[in-house]
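Both complexes shown next keep chain A, but they swap its partner, so chain B is in the first and chain C is in the second.
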Partner chain A sequence: MKKLVAVLLVGLMLLLLFINMFDGSLEFNKMDLADVDGNYYAKNPIVSNMVTSVVVDYRSFDTLGEVTVLFVSSLGVAFMLGGLTTRIKFKHDDSFFLRIGVKVLFPIIVIVGVFMFVHGHLTPGGGFPGGALIGGAMLFKYISDSKYRAKISAFKVLEGTMGSIYVLLGIVGILVGNYFLQNILDIGELGNLISGGLIPIIYVLIGLKVGSELTGIFDHFMNEEV
Partner chain B sequence: MSLQLGLQIALGVIMVVIAIIAVEAKKIISSVIYLSLLSLLAVVGFVLMSAPDVAVTEAVIGSGIVTFLFVFTLIGVNKQTAIKEDSINDLDVHTISPLEGGDIK
Partner chain C sequence: MHIVGIVLMLIGVYGLITNRHIIKMIVSINVLEIGLNIFIIAVGYGENTIAPILTKSNINATNFADPLPQALVLTAIVIGVGTTAILLAVARKLYQQYGTYDLTEMEGK
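After this line comes the complex of A and B, so read on.
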């Protein structure tokens, strides 16, 4: 059943790609790539953070590739260290001050991370650093408490769901618009929180995905052989 | 020469010196910490070059997560070596104890 669904999805994807490839209405048939330089992006910003408008709108497909690279590395860590289940033991006991300090700091770090990927199209930052901050907050939890285990299965479900939604948004771009990952929503006013069409949505997806992936990697690194 | 250019040149010189120290360090753990310091200085460099996006990413990943991964990989390797050879005295890496402050038994 799973294989059938996978084959059907891949077939649908290839079909759409072929249809689009020989379709005359495709945008990049007409575009002369030699004319597009850095000034083109600077003169036509989608959102007020120009880096984000390049990374998540003009070059969104590259970002999908980057997310895939992180996914593959997390897969590799799980493949190599997945058999280990015992939590690594520190020589010292848990420090009281570290534990309480992490309890205070944990929500602040998580909120900064969430702020970073929600405001990724307005201020410096974005999905990757925001997600990495959330992963770092989970790392603090692991270091401060020698018995702490995160619910890794829930994080894995979150990670898979977010990655699938990103790819599905790209396919919706083909169906509704012209090309993969086209920004089909209304761009709105420059500088507002709700603007930029798909960009905030994609950054929230990337942030949650990167955060859960890094948490999975940390959990695997915290295990040892018995 | 403007102040910013002077700062950038000084920063670059310090970074090169720290990189050489990281390569030449006797213990592997000191090498890892010098690499973390190098990333921290790179953050300052990125801010001076007005690239705050890259600076934020470098601060979180370069000096935070990569250091953690190196340190815990070293702990894991060290424990396995200790189990296999039953003696860790002739290895340079035997004093890796960033969190414990002593030898790993």
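After this line comes the complex of A and C, so read on.
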């Protein structure tokens, strides 16, 4: 009975959305290509990857807020699971193949992650996926070895330092230039590795910060009560 | 593509309405979120547009997809990871206290 009601309710929502979408009142189906803002960013390029120039230059303040949200969520996880100290015990023994495979794969994944956030302004990717790759590599270490513990205090220091440098760069923007997080450095030639002023620096900071935050979250989930 | 996003969102809403298991509800929230992200990306995409990355071959092109929705979705994905982590931590706390993930059984205790 409950499932029937749910199906009817969801079907009604679907019907309403479709009616609104295709009778022209919301006009999702008629997109004016000349109105697309992408051309503005293409005519005023800061770096090759326009998504990066939106995320780290035009809307850098939003990104600072976003990084803060991730920091607060890792703080919340630490607050809720921080009392647990013993490493969790898996129901199965450590797999030999997984352990050796992780030993081979770990440096490769970390290098791909670092490549991704260093080249975030030229190719698809950037600080967040690169940081997530580093966090995933640490998760591999945790699931392959039942006694493994990362040096979580070092990751906490790294995370705090990176966040503080991001805020300090914003304040330097006020002091040297005109507004918070202004891109004060020389933008350079489009498409070079060292170009875009502050953008690669900030993306490296974000990548390291996201990687250490995700590692902290994984570490807290890998603990259990005695 | 709009339709794929909307259908995924509605699958997520259906899962949230019908399930009483906390982990399944978290998965439903994630499905809803992925649908929303696909929908926002689809809004920024027009016919015959290309990826908004300048290279030597497309430096003079004018048919780039709108990068703004993609940047917003990047933000949304990261915040989704944060909320999922918090939700899973709450779920583990509840399991420690009640010994079950099911909301109906929790009400009985």
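The rule is short, and it goes like this: the second predicted complex is superposed on the first by the 187 of 226 C-alpha atoms of A that agree within 3 Å, B and C clash if a C-alpha of one lies under 4 Å from a C-alpha of the other, contacts with A are read in each partner's own complex, and residues count from 1 in each chain.
Assume a residue touches a chain if its C-beta (ideal position, glycine included) is under 8 Å from a C-beta of that chain, and two chains touch if they have at least 3 such contacts.
Model, not experiment: these values are computed from the prediction.
A.B. asks: I'd like to know which partner A:Met116 touches here: chain B for first, chain C for second, both or neither.
C.D. replies: A:Met116 sits against chain B, while chain C stays out of touch.
A.B. asks: Just chain B (first), just chain C (second), both, or neither: which does A:Phe221 touch?
C.D. replies: Once the two structures are laid over each other on A, A:Phe221 reaches both partners.
A.B. asks: In the superposed arrangement, does A:Ile88 touch chain B (first), chain C (second), both or neither?
C.D. replies: Only chain B; A:Ile88 stays clear of chain C.
A.B. asks: Answer with first, second, both or neither: which of chain B and chain C does A:Asp62 touch in the superposed model?
C.D. replies: second
A.B. asks: Determine, under the contact definition given at the top, whether A:Leu190 touches first (chain B), second (chain C), both, or neither.
C.D. replies: second
A.B. asks: Who does A:Pro124 touch here: chain B (first), chain C (second), both, or neither?
C.D. replies: After superposing on A, A:Pro124 lies in contact with both chain B and chain C.
A.B. asks: Please name the chain, chain B or chain C, that touches the greater number of residues in chain A.
C.D. replies: Larger number of chain A residues touched: C.
A.B. asks: Considering only the touch criterion stated at the top, classify A:Leu8 as touching first (chain B), second (chain C), both, or neither.
C.D. replies: A:Leu8 sits against neither chain B nor chain C.
A.B. asks: Of the partners chain B and chain C, which touch A:Leu133 in the superposed model: first, second, both, neither?
C.D. replies: After superposition on chain A, A:Leu133 lies in contact with chain B alone.
A.B. asks: Going by the contact rule set out at the top, does A:Val51 touch chain B (first), chain C (second), both, or neither?
C.D. replies: Touch partners of A:Val51: chain B and chain C.
A.B. asks: Please report the chain A residues shared by its interface with chain B and its interface with chain C.
C.D. replies: 49, 51, 124, 126, 128, 132, 214, 217, 221, 225
A.B. asks: Could you please specify the touching residues of chain C with respect to chain A in the complex?
C.D. replies: Where chain C meets chain A, its residues are 2, 6-7, 10, 13-14, 17-18, 43-44, 46-47, 49, 51-56, 61-68, 70-71, 74-75, 77-79, 81-83, 85-86, 88-90, 92-93, 96.
A.B. asks: Show which residues of chain B lie in contact with chain A when the two form their complex.
C.D. replies: 52-53, 55-57, 59-61, 64-65, 68-69, 72-73, 75-76, 79-80, 97, 99-102, 104-105
A.B. asks: Spell out the residues on chain A that touch chain C in their complex, using ranges where they run on.
C.D. replies: Spelled out, the residues of chain A in touch with chain C are 2-3, 6-7, 9-10, 13-14, 17-18, 21, 28-29, 31, 33, 36-39, 41-42, 45, 48-51, 53-55, 59, 62-63, 66, 69-70, 72-74, 76-77, 80-81, 123-124, 126, 128, 132, 190-191, 210, 214, 217, 220-221, 225.
A.B. asks: Which part of chain A faces chain B closely enough to touch in the complex?
C.D. replies: 49, 51-52, 88, 90-92, 116, 124-126, 128-129, 132-133, 135-136, 139, 143, 214, 217-218, 221-222, 224-225
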